[in-house]
Structure formats: C-alpha cells, structure tokens
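Next come two complexes built around chain A: one with chain B, the other with chain C.
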Partner chain A sequence: MVVVGSGISGSIIANELSRAGKTVLILEAGPGTDSSLVEYEAFLTRFYDAAVKDNQSPYAPNPNAAMPRSSDAVRIWPGQPDSSTYLVRNGPLATDSTYTRVLGGTTLHWEGKTPRMMPDDFRTRSAYGVGLDWPLTYTELSPHYAQAERELGVSGDVETQTFGGITFEPGYVYPMRGLPLSYLDTVVAKGIDGTAVELAGERYELRVRPFPQARNGIPNPDYDDGRGFVPVGAVSTNQVEEGGRCQGNNNCVPLCPVQAKYNARKTLAKALQTGCVDILVQTVASKVILDPVTGRVSGIEVKAYEDPVSPRHTTWTMRGHVFVLAANAIENARLMLASGLGSSSGLMGRNLMDHAYLLSWGLLPEVAGTFRGTNCTGGISDLRTGAFRRQQAAFAVDIHNDGWAWAVGSPYSDLIQMVDQENLFGARLRNALQSRISSQLQLAFIIEVPPSESNRVTVDPAYTDQLGNMRPVISYTLPDYTMRGASYARQLARRVFQCLDAADHTSYDPEDSQYVTYEGQGYVIRGGNHLAGTHIMGTSPATSVVDDRQRSWDHKNLYLVGGGSMPTIGTSNITLTLAALCFRSARHIIQQLRADASLTLPPDAPSDAA
Partner chain B sequence: MTTRLERFLAFSADATAFTRFELQGTGQAREYLDTVVRIAGDTIVDRLLDLHLHAKAVAAASGNSAIMEHLLRRDVLSDPRLGPVARNIVKMWFVGIWYELPREWTEAFGAREGDVTFVVSGTAYAEGLLWRAIGANPPGAKAPGYGSWALPPHIPALAAH
Partner chain C sequence: MSTASTRITTVERLREYLYLAMQLEHATIPPYLTALYSLKPGTNSDAYHVIRVVAVEEMLHLTLDANMLNAIGGSPDLTAPSFVPDYPAFLPDGETDFQVSRQRFSREAMQNILEIERPKQTPSEQHRLVRRSAPKAQQLAVVPGEPSMQYYSIGEFYAEIGRGFRYLHKEMGDALFRGDPARQVGKEYFYSGGGELTTVTDLDSAEVAIRLISEQGEGYGGRIYDEHRELAHYYRFEQLLLGRYYLDGDQPGQPTGPALSVDWDAVYPIKQDARLADYPAGSELRDAAVAFNRAYADFLGLLTKAFTGQPELLIEAVTGMFRLRDLMIQLIRNPIPGLDGVNAAPTFEMAAAAVVSS
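Coming up: the complex of A and B.
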C-alpha cells in the first residue's frame, strides 16, 4: 500500500494496515529523519531563536514542499490573485490558515483540542436545511471516536462532555482524566455561569466547560474496563522519559517541548515497529497515474530531492495495490487536480471549509493569571447546536490562556507599547506589565462554515513551485450564514465582558487582510487551520467524491482520507473526527484486501524507477 | 571605578525594577551588554551608563530619589541618541530580543551592522523577565508543572526603592 502524507491520517492508516500484516510505503513531502529526539529538539531551538513565534516558527522554510504561513495573507483585490507565496489566493477573502509539511504533519503544531462532533452536525441539511448530510451518523462513528481517543491519548471527563446530544457508550471513560480548568477559566466562570441567553425562541444557559484534549494528563484507572491507560510520552529512538504528562508549557502551538501533546510521530513510531512500514521523506507526490483500462490507480509519480533549497530532484513511480492520499484537504485536492482527476462529480477541490474565528479581547478588573496552562483549557459550548442553526451558524468559544497573543501579538506588543509609546520605566513599567497582561481575556469564537461549492481549491499551470508542481489556488469567502453567527458572537462577547466587568479592547482594523463587513459592521475573521471538505463523502458518485469509507467513487483502489472527506465540520476542531474516519477506513481497507481476490499482485519491489 | 558590567547592571536594575541579584541570576547580563556595545558602540553605551550614575549620585546627594528618574528622562530617555538604545536595553531584559533601532535613529546616527530584530539567544528567550513579572513561564520553557495553572498566579513583589 502507498500512503501519501505522514500526518495523523496517513500514520493511523499505515499503523492499522501494518498491524494487519500489510506492507506500507509512506511518502512524505517534507523533511524528517527518523523519530529521534535530536530532530525534535532542533525544532524547539529554532522556535526559541525566532523573533516572530508564529505557528510555523519551529519549522524551516522548504521551497520544495512549501508551507503556508499566517503572515502570507494579504488583502486581495478583485481580479488580482496574490501569488507571492505558496498558496495562490484568489479571494475574495484571504485565508491565513496554515499546515505543516514535516514528518508527522500539522499535528506537530496543532493545539490538540479534541471535541467530538455533535450528532446534529452529521445531519444539518435534514435538521436545519443548511449544508449537507453525512452518509454516516454520530452513532456509527462513535466506536471510531473511541479508537481515536485512545490513539491520541485524550484527557477529558465524560460528565462534562455529555451535552447537546453527544452520548458515550455506557461505562465509557476517556483514557485520562480531564485537565484542570485554568485559574483564568474559573474567573470567567464566576462571572458568567448561569447567564441566560435567548436565541430563536430557545433559552440557553451559559457555563464554562472544559475541552477534551489530546494531551497527557492523569490516567483514568477505569479506562478500558479497568485495565487503565499508559500515556505515550516523547518519541525517541533512544530512551527518553518526558512528555508523560503535560507540564503547562503554554506552548501547545507551535510545539509542545516535551511531546505531552499528541503528534503523529507517536503513531508512526508504532507503525515502524511492525517492520512492515517504510517512509520516504523529501519525496513529493506529483501525479496520480491511472491504468487506462481499469480506471484504477497504478502508481504515484514522485519527485525526490536531497536539498530543500535546490530544485534538483529525481522522478520515480511508486506502485502498489492500494493508494491512500492523506496529504490534507488542500494538498489532496491539489494532487488530484494536478493529475487531471477532477472527479466525475466535478466536486474535487470544492466545498473547501475551515472554521471562521472571530476574536474579542478585553481586560479583566483583576489579575487572572493569564499566560499560564495549556493554550486553552475551557470555553463555552452551549451554543454549538440548537434551533437557531436554521438561521445562523453555531459556535463554540475558547477562553485563551495565552491572552491577546493571537489578536494583537501580546505580550510583546504590550511591552513595546509601554516602553516606546507610554514611556514607562522601572517600577511603573513592572506594574503595568502585571496589571495589563495577567488580566487579559481573549475569547475566540470558532464559527461554523457550511459547505459551499464556490469555496474551492484549484490548480493553474501558471502557478508552480520550484519542483514544477502546480500550487494550490484558493477561492474562499464566508457565507451570510456564518457572518450572522459572527455578528451574534460579537454581541455575546460584549455581554460576557459586561458580566465580568471587563473593558472591551476589541477593534477590527479595516486595513487587515481578513477584514470583512456584514450589515455595515466590520470584523476581522481569522482562519482556523481546520481545512476540510475538498473531496466530500456522500451516498452517490454524482454528489460526492468519496463514499462513506473515504474510497474514491471513480477509482476503486484509491482512498482520499482526512478532513477533505468531511461534508460539514460543525463547531468541532476536525482532527479527532478525521482520525475516527481513518480508523473506519483502515478497517474497511483490511477487509477489502482480504475479500478482493481479484486484485493482481504487484512486483516484489514496492517501487520501480520511472 | 566600577566596571562597565556593574554600571550596566545598576542601570538595568533601575530600568526594570528587578534587583541586581535577580538580573545576575538570569546569566544574561554579559551577553546583553556585549550585544548593545556591539551594535550601538562603546561611546554611546558609556555615555548612557555614566549619565545614569550621575543621576543616581545627584539623587543620593539631594536625598530625593525622584530626582533620579527626572534626570534620567531629561538626559537619557528623551535624548535622540541615547533614548532608543536605553529602551532597547529594557526590552532586551524583558523578552531577550534586540529590536532594530528606529529609522530616525539610523538616519541621524548611521546604520549599525547587526542592527536587525533578533532573539539574543535561546537562553535569553527563556530568561526574559517579562514572564517572571507576570507570574508565568516563557512559553515552551521553564514549565511550572501539571495543574499549576489552576492556582492563582504567583507574582513577585517589586523590589523596594
């Protein structure tokens, strides 16, 4: 089997298949040695040394497998796509979402929140007349959620996560107990718990609720019918004892220094131990090759490079029985479209989704210990579903333990302001730092974006990278449905700040590359790096790209896996759901390989020179 | 005659409201001094440190400590040549970053080699005093331990002045 991409999707499928005795070759476009700690520590050093600590700061730029950076997004003018960086942005909205192309993929920099999707999220079309229905229900996916929670090592408490229709198997507990809420969360809870909200004729009561997280906490002895759970710490070829429990580094994004946060290298390490898995790094998939007679995939053409800076490369074709594209929603669609494979549905690359993030930031009247803990421990989840979804998008709210960092670059921006503009010095500077940073409260509203065919990834031969691969071209805008949710989110933020006696410092700069207006009000909407929906699953080849097992309708031995298969994303960070989908697909592929005796065997060697 | 490092520490203690003891405890004093000397040059650094000592001495002689800050503002912080360098020292102590000097400074006094925004070192990042000032750890370093975030922050009291 050939898997394109070593992120969480590819790693889960490779691990499951290798455990069933299948031989797997993983192709990774980016760099990566093995799973040594030396390489991981080099990421950390690079992060420490970076003056701008954005979510790609630990990872070296690589023109052969370029990574979008949030700072790449610039204002798009109609008819003038911005092609100055890897993602060609066609507008009208410039997305600042990113993904990381190194061994282990974006799970190196992800934050690690792992809420399940709500049952309603799988049927928004029938329940609310919006978006699409999945070919799967929450109940069908539920056992795979449990598998994913084991693999990722989720800390959470079932009691706090049973709401809005989410149910668990009787007796189920998460592998580890929930991480404690931050002191900041409890300050917010004191002010807002019990606040009643009326929306579309229904009444909701707000409360601060913890988020489940793929981060090591205290193992729950009741897990697995009393067998318990052993947390997986740092991955290393040599023995190393760290990462068994979160230490509160407040650096989940862009890199947990001790690997207490799950990253896909943990799954890859297990896969490698089977002896059935090989990984080729610095090997960029450039074309999916079809057998013209059967329509099945016969190989993947790749470009392998030695030096990330130099375009020098060799071209090879990798062959196998089954092919899995697990390169994320944008890269999967890019590869298929660059191969001339637009799907008989015409939907390849369409329905691109990402969560819309609206930030609101204020100053609490007391020192609340901001900038401590994991990046986020709690938030408000009470408006994640309800009858109002007929009219406006649902959202969850994150209470950020890292203050106004995302909104305005705190605490660096505060220090510069105080020293250079306010002329503070000595004790008064110290007092200002204390009172104006440790009382920061940033609320991030993660707002639902329904599928829309005009939000899409395309390719254009006019835009290629230095290996000659066509780059993704992104067309993206936010529907009114989402903006109605954003507008309501802003009102709710004002209300929360009022409850907390917090001064609202929110302002949206009309010059910002992601400034949008809705009904006369301006907002800045950030991307969430939750890329989904470019090869959606469905019940028919006419209306979807893959079936409910993520198998291509057009090419029977090809699977497109990951966020791209999701027809909707609700208000849940997508990783847990796409991991669950990959467990489901892996089981199916194993069954299929056993059942499908008609497959012709490939040559002994997994690859041959083109 | 005090050494330049001692004078640098004396200025830095007044500028940050951390004690000399705390500043030395970061292990960064020599490196920060070397950085500012390398970029701004001996003359500017010595002038800045001398004026600070002078302000301190005048304040001590008059018995009015408020005079020190007044003189420092008048002679150093508001000075077009010394002010931006002094502020850079303050920022360097708090976040371990040398910030590129303002354009007006470069135009008036000449561009200096190495004057770009950079993190002095990985250790300097981890030793940034800002985090200590707010009772937190530099993200990604000096982790305080599981669950510590649930407790109120421990913010150190300011040194007496």
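Coming up: the complex of A and C.
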C-alpha cells in the first residue's frame, strides 16, 4: 500500500494496515527523521528563538514542499489573485489558514482539542435545510470516535460532553479524566453560568464547559472495562521513556515541550515497530498515474530531493496495490487536479471548508491568571446546535488562556507598547506587564461554514513551485449564513463582557487582510486551519467524490482520506472526526484486501508492496 | 530462592528496611537534580534527558517503597531528621570505595552515578553482606539491627526485602498486609513513560514493585533491558560516557545505536557539595539557598502527606517541582563572591531549613 502524507490520517491508516500484516510505504513531502527527540527539540529551539511565534515558526522554510503561513495572507483586490507565496489566493476573502508539511503533518502544530461532532452536524440538510447530509450517522461513526480517542489519548469526562444530542456507549469513559478548567475559565463561569439567551424562539442557558483534549492527563482506571489506559509520552528512537502528562505550559500551539499533546509521530512510531512500514521523506507526490484500461491507480509519480533549498530532484514512480492520499484537504485536491483527475462528479477541490473564527477581546476588572495553563481548556458550547441553524450558523466559544495572543500578539505586543509608548522599565515594567496580561480575556468564536461549491481549490499551470508542481489556487468567501452567525457572536461577546464587567477592547482594522463587512458592520474573520471538504463523501458518484469509506468512486483502489472527505464540519475541530473516519476506512481496506486476495499485482509492481 | 537466610523476621524489621529503601531512593535525587540543572540551557540535550528520566524513575521507586511500607502498616515520614543525607554520603558498597556527591555534570559525576547504579550481583551468598569500613561518614543501606554491616549493592538490599516479604507472608499470611488501602498511591497520580506505579496490597503486588525497582535500576540479573524494553539506569548513564546509545539486543559496554553528543564544558562550574556556610551571611545567595531549602522541606512535607492518605496532593506537587527547579537554577547560574569562577548550588540542608522556618 502506498500512503501519501505522514500526518494523522496517513499514520493511522499505515499503522492499522501494518498491524494486519500489510506492507506500507509512506511518502512525506517534507523533512523528518525517524521521530527522534533530537529533531523535536530542534523544532522547539527554533520556535523559542523565533521573533514571530506563529504555528509554522518551528519549521525551516522549504521551497520544495512549501507551507502556507498565516502571515502570508494579504488583502485581495477583485481580479488580482495574490501569488506571492505558496497558496495562490484568488479571494475574495484571503484565507490565513495553514497546514504543516513535515513528518507528522499538521499535528506538529495543532492545538489538541478533540470534540466529537454533534449528531445534527451529520444531517444539516434534512434537519435545517442547510449544507449537506453525510452518508453516515453519528451512531455509525461513534465506535470509530472511541478508537480515535484511544489513539490520540483524549482526556475528558463523559458527563461534561453529553449534550446537544451527543451520546456515548453505555459505560464509556474517555482514556483519561478531563483536564481541569483554568482559573480564567472559572472567572468567566462565575460571571456567565446560567445566563439565558433567546435565539429563534428557543431559550439557551450558557455555561462554561471543558473541552476534551488530546493531551495526557490522569488515566481513568475505569477505561476499557477497568483495564485502564497507558498514556503515550514522547516518542524517540532512543529515549522511549521521555514525555509525560500536561504540565500547563502555554505553548501547546505549535509544540508541547514535553509531548503531552498528541502528534502523529506517536502513531508513526508504533507503525514503524511492526517492521512493515517504510517512510520516504522529502518525497513529493507529483502525479497520480492511472491504468488506462481499468481506471485503477497504477502508481504515484514522486519528486525526491536532498536539499530543501535546491530544486534538484529525481523522479520516481511508486507502485502498489492500494493507494491512499492523506495529504490534507488542499494537497489531496491539488494532487488530483494536477493529475488531471477532476472526479466524474466535477467536485474535486470544491466545497472547501474551514471554520470562521471571530475574536473578541477585553480586559477583566481583576487578575484572572491568564497565560497560565494550556492554550484553551474551556468554553461555551451551548449554541453549537439548535433550531436557529435554519437561519444562522452555529458556533462554539473558546476561552483563550493565552490572552490576546491571537488577536493582537500578546504578550509581545504589550511589552513593546509598554517600553516604547509608556516608557516603563525594570520592576515597574515587570509588574505592569504581569498585571495587564493576566487580566486579558479573549473569546474565539468558532463559526460553522457550510459547504459551497464555489469555495474551492484549483490548479493553474501559471503557478508552480520550485519542483515544478502546480500550487493550490484558493477561491474562498464566507456565506451570509456564516456572517449572520458572526454578527450574533459579536453581540454575544458584548453581553459576556458586560456580565464580567470587562472592558471591551475589540476593534477590527479595515486594513486587515481578512476584514469583511456584513450589514454595514466590519469584522475580521480568521481561518481555523480546519481545512475540509475538497473531496466530499456521499451516496452517489454524481454528487460526491468518495463513498462513505473514503474510497474514490472513479478509481477503486484509491482512497482520499482526511478532512477533505467531510461534507460538513459543524462547530467541531476536525481532527478527531477525520481520525475516526480513517479508522473506519482502514478496517474497510483490510477487508477489501482480504476479499481481493485472488487479485494479482500489476506485472511491473515490486514484490514488496501489498 | 532460599528464605532460610533472611534477616527480616519481624514486621518491624521489614518496615525499617522499607523506610531505609525510601531514604536510599531519595538520596539519589539531590545529586541527579544538581547534575541535571548544572547543564547550560540549550546544550547537552542527550545528557539532560538521560538524567531527567532516571530522576523521575527514582521518584517512582520512592513512591513504590512508600506503597510497600504503607501496605504493611508503616508510615512514611520524609520530614524525619536525617531522611535527607548529609553529602558526601556513602551508599551501599562492599569497599566503601566511593561517596555520593552533589556535583556538576562531569565525567566524574557520571562515574559516581554509575557506582550508585552498578549492576553487580554478589559473587556468593556469603558475600551479600559486607563489613563497613568507614564508620564516620554517613552510610545508607546499613543492615537494620547490625550497624556494622551493609549490603553489597542496592539490588541485594531489595532482594533481602523480597525475602522478608515472602518469609513474613509464610508466617502470617495476608495479615501482613494490614495497611490502609486508601494510603496507596495509584498510577493515576504518577506516571512517566517508563514503568508503572502499582499499588501494593498483597505479596504478588509487593514482588511486582520490587522487581520493577531492581530491573529499572541495575538491570538485575545481568540484562541491560528489562521486559518492557526499557534500558536499566546503569546503562543509560554509561551511554553518556561511551558517546553512543544502546539498542535492544546490545551487549553491556558495547552500544550500537546512534551516536550521542556530550559537551562536558557546557556546564556551570558549581561548588561540589555546597553548604550554606559557603555563602556569606546576608548575601543574596544565602537567602536564595535558604529559600530553596525551605521549599525543599515543604516539598518533602507535601510528599509525606501524599503518602499518608492524601495521594491527590501529588498533583499539586508538580507546581512545587517547577518552583524547586527555578530556585535551583537561580543558585546554579550565579557565582559565589570571592571564589574565582565557582558558582553556587542548592545545599539540601534540611536541618538548617527547619531552624530557619521555626
């Protein structure tokens, strides 16, 4: 089997397949050694040393497998796409979403929140007349959610996560107990718990609720029928005993210093132990090659490079029996389109989704311990579903333990302000900085974006990268449905700040690259890096790219996996759901390979590929 | 295995052994932490991880010992006078050929640690015990009731504890395990990547605990990896001297894994076995050293509470450990006035801390 991409999707499938005795080759476009601690620490050092600590700051620029950075986004003027950086942004909205192209993929910068999607999210078309229905129900995916929660090592409490229709198997507990709410969360809870809001004729009571997270906490002795759970620490070739539980460091994004947060290298390390998995890094998939007779995939053309800076490379074709594209929603679609495979549905690359993030920030009247604990431990989840979804997007609210970092760059921006404008230094500076940043409250509203065929990834031979591969061209805008949700979110933020006697410092800069107006009001809407929907799953080859097992309708031995298969994303960070989908697909591929056992390999296939 | 020669024939004697075991495990922690935080930040990553992981596992052993002691109705007290040794101190060894010091990371310090963790088994049954030959310095793992004798190695000391458990269990049956199960610290409160904390409620679980300690420490039985594919402490430290990682299947002394790099010079030149008296009265260093000792005394007090019925306090102890680290680093990164190029170090003088706090 050939897997393109070593992120969470590719790692899960490779690990499951190798455990079933299949031989797997993983192709990774970016660099990576075999998950050594030394390399991980080099990433950390680079991050610590970086002046701008965005989620790609641990990774050296690599023009052979470039990654988008949030700072790349510039204002798009109509008819003038911006092609100055890897993602060609066609607008009208400039997306600042990113993904990471190194061994382990975007889990090398993810935050680690792992909420399940709500049952309604799988049927928004039939329930609310919006978006699409999945070919799967929550109930069908539920056992795979449990598998994903084991693999990622999720800390959470079933009691706090049973709401909005979410159910768990009787007696189910998460692998580890829920992580505690931060002090900041409890300050917010004191002010708002029990506050009622009316929306579309229904009453909702707000409360601060913890998020389940893929972060090592206290193992639940009741897990797995009382067998308990053994947390996975840091992975390394030589020091397997490193790493531990969450210590409350405040840089979960991009990297946990002690690897308490899950990253796909933990799964890759297990897969490598089977002896059935090989990984080729610095090997960029450039073309999916079809057998013209059968329409099946016969190989993947790759460009392998030694030096990230140099365009020198060699071209190879990787052959196998089954092919899995697990390179994320944008890169999967880019590769297929660059191979001339637009799907008989015409939907390849279409329905690109991401969460729309609206930030609101204020200053609390008291020191609330901001900047202590992990990036985010709690928030408001009461408006994640309800009858109002007929009119406007649902959202969840994150309470950020890292203050105004995302909105304005705290604490560095506060420091510069205090030194340059307020002439503070020494002990006064130290005290002033501490007291200001520890009263900061930033609410991030994660707003639903329904699928829309005009939001899409395309390719254009005019835009290529250093290796000559076509770059993704992104066309993206937010529907009014989402903006109605954003507008309501802004009002709710004002109300929350009132409840807390907090001074609202929110302001949206009209010069910002992601400034949008809706009904006369301006907002800055950030991307969430929750890229999804470019090869959506469905019940028919006419209306979807893959089936409910993420198998291509057009090419029977090709699977396109990950967020791209999701027809909707609701208000849940997508990683847990796409991991669950990959467990489901892995089971199917294993069954399929057993059923196909009589099939012979193509004559030119190497003997070691399953 | 013979139980005829056991020296542990009463529950009281077994408690003495287990308390001594706690003292022994703890005694390694100040030297390991001192070496660990003497490394300059951003350097010596390999060394940092080797030492840190072992220090964490020593804390695991300490907790396992507390569980065993609690299981038989004993009561761990880490605040008792002389629980923390006065360094340099002797550890069990036949020839009293070395003392354990609190010192900076160096080849000498690593040799010193290898002595502590050395995997030697006694040549014969008669040689399990050896006569002490350095009565003045403080010694650990002397034989309770026979202060002139001590065990050949830590492994032998634990082997004796195992014999004691089996002997007493044969004599008394399950009445041996009379302790309050609520005092047991479960794995929900402590884990590292390597080794699992087990509660001790019967003979089987006591033997599991002893085996884990012995195998993690010295690879008892001549093996370098244990059944959980974990490298014994002795060989972990040896990697730093040999400049290469072991891989499973390697022979002792001949690691075949990737090279590791050690920069022996990227280390703060701290004073060996520093004492409060080394810092001028009224100096900032003195205050910082006193603050550290007080924090360490508080920490041992917290552990004592955790080991006597409030295991959930171990969660709180994590914050305490961050504070200890910060206080240690303050000392280690500052020179002692008047001593050319010698930096301060924490002194771990608990008696002094008690005087100051009272």
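Definition applied: the second predicted complex is superposed on the first by the 590 of 610 C-alpha atoms of A that agree within 3 Å, B and C clash if a C-alpha of one lies under 4 Å from a C-alpha of the other, contacts with A are read in each partner's own complex, and residues count from 1 in each chain.
Here is the rule we go by: a residue touches a chain if its C-beta (ideal position, glycine included) is under 8 Å from a C-beta of that chain, and two chains touch if they have at least 3 such contacts.
What you see is a predicted model, and the numbers here were worked out from it, not measured in a lab.
In the three-chain model built by superposing on chain A, chain B fits alongside chain C with no clash.
Of the two partner chains placed around the shared chain by superposition, chain B is the only one that A:377 touches, whereas chain C remains out of contact. Which of chain B and chain C touches more residues of chain A: that partner is B. In the superposition on chain A, no contact is made by A:590 with either chain B or chain C.
Look at A:158: by the touch rule set out above, it reaches neither chain B nor chain C.
In the superposition on chain A, A:219 contacts chain C only, with no contact to chain B. In the superposition on chain A, A:230 makes contact with chain C only, not with chain B. By the touch criterion stated above, A:41 is placed in contact with chain C alone, chain B being left untouched. Applying the stated contact rule after C-alpha superposition, one finds that A:245 touches each of chain B and chain C.
Remark: in the superposition on chain A the angle formed at chain A by the CA centres of chain B and chain C amounts to 60 degrees, rounded in steps of 10. Minimum C-alpha separation, chain B to chain C, in the superposed model: 5 Å. Residues common to the contacts of chain A with chain B and with chain C across the two structures: 45, 218, 245, 247.
Those residues of chain C that touch chain A in the shared complex are 42, 45-46, 49-50, 52-53, 56-57, 186-189, 191-196, 229-230, 245, 257-258, 260, 315, 318, 322.
Contact residues of chain B toward chain A in the complex are 14-18, 69, 72-73, 77, 87, 90-91, 94-95, 97, 99, 117-119, 121-122, 125-126, 130-131, 133-137, 139-141, 143-153, 155, 158, 161.
Note for the complex: chain A touches chain C at residues 36-38, 41, 45, 177, 218-221, 228, 230-231, 233-234, 237-245, 247.
Interface residues of chain A, counted against chain B in their complex, comprise 44-45, 47-51, 53, 179-183, 186, 217-218, 245-251, 255, 257-258, 367, 369-374, 377, 401-402, 411-412, 415-416, 419-420, 423, 425-427, 429-431, 433-434, 437-438.
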